[in-house]
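Have a look at the structure that comes next, please.
Going by the order they are written in, the chains are A, B, C and D; count residues from 1 in each one.
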Amino acid sequence: MARDTNSTSTEFYRKKNKEEMKYQLITFAAMIIFTLVSFGLVIGEYHPMFTIPVIILLACVQVGFQLYYFMHMNHKGHALPALFLYSGVFVAILTILAMVTIVWW
Amino acid sequence: MSAEELKQLKPGQSPHEPEKATLEGKNKFLGFWFFLGGETVLFASLFGTYLALKDSNLDGKPAEELFGLELVFIMTMILLTSSLTSVYAIYHMKNLDFQKMQLWMGITVLLGLSFLGLEIFEFYEYVHHDGHTFTSSAFGSAFYTLVGFHGAHVAFGLLWIVTLIIRNARRGLNLYNAPKYYVASLYWHFIDVVWVFIFTVVYLMGKVG
Amino acid sequence: MKGWMGKSRILLLFSSLMLFLAGCGDPQLSALQPKGEGADVIYDLMMLSVIIMVFVGVVVMAIYFFVLIRFRQKKDHEDYIPKQVEGNKFLELLWTVVPIILLVVLAVPTVQKTFMLADTTPAEDKKEDAITIEVTGKQYWWHYNYKGQEVQTSQDLYIPTGERVYLKLTAGDVIHSFWVPSVSGKMDTNPGKNENEMFLHAYEEGVYYGKCAEFCGPSHSLMDFKVIAVSPEEFDQWAEDMKNVNTDATPESQSAQEGKELFKNKNCIACHAIGSSPAAVGPNLTAFGDRVQIAGILDNNKENLIQWLQHPEEVKPGNKMTGKYGNTEAEVPLTDDEASKIADYLLQLKPSEITPEDAQ
Amino acid sequence: MSTAYAQKNGFFAGLWDYLTTVDHKKIAILYLIAGGFFFLVGGIEAMLIRIQLIQPDNEFVSAGLYNQLLTMHGTTMIFLAAMPLIFTLMNIAVPLQIGARDVAFPFLNSLGFWLFFFGGVLLNCSWFMGGAPDAGWTAYAPLSTTSPGHGVDFYVMGLQISGAGTLIGGINFLVTIINMRAPGMTYMRMPLFTWSSLVTSVLILFAFPALTVGLFLMMFDRLFGANFFDPSMGGNHVIWEHLFWIFGHPEVYILVLPLFGLFSDIISTFSKKRLFGYSAMVFATVLIGFLGFMVWAHHMFTTGLGPVANSIFAIATMAIAVPTGIKIFNWLFTMWGGSIRMTVPMLWTVAFIPSFTLGGFGGVMLAAAAADYQYHDTYFVVAHFHYVIVGGVVFGLFAGLTYWWPKMFGTMLNEKMGKLAFWPFFVGFHLTFFIQHFLGLMGMPRRYWKFQPDQGLEIGNLVSTLGAFLMAIGTIIFLINVVMTTMKGEKVSGDPWDARTLEWSIPSPPPFYNFTQTPLVRGLDALWVEKRHGNGKMTPAEPLGDIHMPNNSFIPFMMSLGLFIAGFGFIYQVDDSSFLILAIAGMAITLLSMFVRSVKDDLGYHIHKEDLEKGAGSE
């Protein structure tokens, strides 16, 4: 392993990590807000045809934040994880779709 | 390489991505992501089953009457926060700052424990106050199985992280254990991802009816 | 090597054997000799798919044999290095596109017929008098409830020829599947809320064999039933007779009269109804004397019936009757005498003039 | 530690070595022994089935026993014979074909094997503990959930444990193929066997979780009073059907794809030509894998899903014929213009092409939803899937074992005997299964303990049974061949077939570290490239240096043993809750083993350069 003790490079990464941490915090704030909105919509008893799609959408976006920021899928070197995750999501959607449509008739 | 792997890493040194500095680390990283892909299908099967059976409550209380949102809200906040604290842990790992990493991992564990405690309390209430049990109807079976599977994941994650914290407390961060911490944090985030869908699909949608 | 010649000879042998066999099959059972609308429609689809398969098969086998004969390594050519071909755009496109076309040719009628067979609402002008029958599969027998007619039977299903009869299928315990190969394809009977629908439409009169096609326990292979297609007039008469059956009629012979008493006293009546009554624990025995077969599989005669009454487990392992009647302590629940009398009683239950004999 | 690779002698040392090994070549042999054993067990069950059906109204076995036999035959063959034998081939060939020293996770490799092994043993224990599962390999609820006794419980626990092993194996091969390739071994230079192993592993990864969940639900229903599949408690058995087939259909491609890859390698080798349409073959493999996830409901056409769902799934299913056809034609055109050597592996391969095609035709006929109302659950289906499974998978396994036998054991299976085993098996196979298409159409449902006399089904069943005996003869000749070859023990060179891929560039059997120096790959068919354009040897990609090796470990065995014990506990706690202690003890053994694994550093050891020069480990 090349051992690089070059301090400027270390500084550079420190800064970069810090920068990233800022985004993580923003992400977190967004996630909290989404959650509040979701709960709010349900407590506010809006029409289910409106509430349900919106809270599902919010959940998806929130999960996207988790994946891309918290789990670093926005970093490079994550092409394969993304490919496999989305393949899993594909099978997951098929499964759930089947379970809600062709189980009862 | 092996002895080298155990050499303690200190702030200010390289590499800046200690979790992926060795081939073993890279393998672990990739393998674990693939595992999460499989877990996605696993939870999808559970969600699907739950959605198919959620109205099969027979004479028991339907979801609207059963669920209370306060507790779920608190649990959600706790788990979301624990996701952030584990991000902090990995942030410090990347700066090779072992002590801070351990600290944040420790906070994550505490939050996880309180989440688990609340979940157990919630189940207890359902069983003893609402007669909503695992065997009372298909809805009960599906509910406890889905949420319980998530709970079991939380419990396993806690055991795992605690083991890591204790095992490495003395010897600090090195190239051998960095991938382990990293992967554990991925696992923790994934648990959070699943919870986001649980509170949305099970509780919120259950409440909406 | 001469292996390849050997192989083609075997194939030849096969195909001739197959052709011979294909003609066979019991006409009352075989899906290859359709006697009803469903089976007919499906038979056409089958033949279309066979034609496509034969076409593709001939192409594949032609190339196959040519390659194997022509390109075997020749003696003294061990060092010959063939040209290393990477591929061929045109050929590859060809064997992608042609199968797609062939599959479309198959897919269109498939979809069409799938929808056609699923169409279980009677046509407007037939709505009033369309016959609807609730079919219930149970381990290991079948129950039929003619809706709106107050007629319930088991095992032998009477239907009129020349029209669609609509079935609503459910199961009482595990999944079964209702299959009358020469009249129509099969449909599962699900326990619980998932009721299925299909129709039967027999072109000609006849007794058609039906089988359970979904694994349902030890006697799955013995859960046979019959569909008896009679002319519409005969069917109407049958339904009329069944409706007006006098369940209290006193049997003629002494032995049958005693049998009737035994039928009550030995607990048979707890499970079996005589006369129109809802699906009970055991088959409805109203027209038992006219059954084509006993328990679905034994020829209908007294000897077999006594065998069944005394040793049901030997006839149909795992059936739900064993141990529920007669002297449950004894090795044989009914004595020879008792069994004989009950048999006499059951065999004279012939409430209708319309019998399987009329279905010729 | 540095002496770890010194030769150990004696039977117990040898046994211990195999119990603790993490070497992919030894694990391959373990899979071979266990999978081969279960194949014989499944084969004997098949023979008993066929003997029972030799004549109408036969009383050779009882109804209950017949149902156990057919269930165990299907389950054993699929999960305990075909899958592990495929893992044999993947373990022996994949790391060698990509120029790796081992798989990515040697420890997990061993764990995967032992989980499979103990799961299989648990399942088969049912025979001696009150009866085997009897609800079919598909275990449809409520028949399975209400089946008396513990048979189905063994099914659930056994498959759960061995399924976990398979999943682990799948992830392992994924990472191995992606991360461990030698320099120059790009994706588009990978041998087709490696490619198809990659795709198969993806299928395993996404298909097995559905089975895992299904089995959990069934376990909860049977053992802990849950109501997933009980209609009277609001449950729905269709959920099981979906979960089982969401797993089950990809599973059949998991079975056949690796062998498609193998056949590609074999055809190319014995035709002395590169594979025709390599990139199309890769594309077709991926496409089959992808489509494989969208067709599961073709097993449920008669369940009652309705015409819309049936039509969609019918069309999706038919689509799979296209990539499969691409493969068939590419194989034919690889042979076209080649110089074909009819060795035993090639013989099985050549026999596979028409056999599988016929099976595929049967598949497409089944895919026509309306027509499936006649075929479903009859011997037509039995004929279809044995044509694709025996004609594809079993032929492939015979081909692959013969082909890689020298790589595994350094000895060559006798060619004459090989052909002698082939012919009865091949003829018997067609005799057994071709006629079953007609039996089905003539009204014989599957899973029938007895068929009635005078319904025109006699001749067909008799012929079918006679054919099965021929297959048994073929199998026995193959076994004799194995025994004789092993006894003779004639060593062969590293490249006895004059082959094209990397695994043939090293000695047979390879030293335990595989490649003394990692090879540099310069093209598709790496060894062939060197044979034609170089000196016939691989160029090293690195200077001679120390090699890092993983340590052996007994932990995988213990972890699996723990689950095995816990399995009994879970099954029997229904009768007597004190068995819960067994369940807890078993789980404790497993968790403790995991704990030990995670706190004990496992750094492996090094083989030193000097020892390598002296030829350490190469036998």
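Brief remarks follow.
Heads up, the rule we're going with is that a contact is a pair of C-beta atoms (placed from the backbone, for glycine too) under 8 Å apart; a residue touches a chain by one contact, two chains touch by 3 or more.
Note that the coordinates shown come from a computational prediction; the quantities given were computed from them, not determined experimentally.
Between C-D and A-C, more contacting C-beta pairs join the chains of C-D. If you average the CA atoms of subunit A and of subunit D, the two centres end up 37 Å from each other. Separation between the centroids of subunit A and subunit C, computed from CA atoms only, is 53 Å. In this assembly, the C-alpha centroid of subunit B lies 33 Å from the C-alpha centroid of subunit D. The set of subunit A residues that touch two or more partner chains comprises 80, 84, 87-88, 91, 95, 98-99, 103-105. Residue numbers of subunit D whose C-beta contacts span two or more other chains: 178, 205-206, 210, 235-236, 238-239, 242, 246, 304, 306.
Among all residues of subunit C, those that touch two or more other chains are 193-194. Pairs of chains that satisfy the touch definition comprise A-B, A-C, A-D, B-D, C-D. For subunit A in complex with subunit C, the touching residues are 104-105.
Partner subunit D is touched in their complex by these residues of subunit C: 1, 3, 10, 14, 17-18, 21-22, 24-26, 29-32, 38-39, 41-42, 45-46, 49-50, 53, 56-57, 60-61, 63-64, 67-68, 71-74, 77, 80-88, 91-92, 95-96, 99-100, 103, 106-107, 110-111, 113-118, 173-175, 177, 179, 181-182, 184-188, 190-194, 196, 209, 211-222, 224, 297, 317-318. Taken together, the subunit A residues at the contact with subunit D in this complex read 80, 84, 87-88, 90-91, 94-95, 98-99, 101-105.
Interface residues of subunit B, counted against subunit A in their complex, comprise 1, 4, 12-16, 20-22, 30, 33-34, 36-41, 43-45, 47-49, 51-52, 69, 73, 76-77, 80, 83-84, 87-88, 91, 94-95, 175, 186, 189-190, 192-193, 196-197, 199-201, 204-205, 207-209. Listing the residues of subunit B that touch subunit D in their complex gives 1-3, 5-6, 23, 26-27, 30-31, 34-35, 37-39, 41-42, 45-46, 48-49, 52-53, 56-58, 134-135, 137-142, 145, 160, 163-164, 167, 176, 180.
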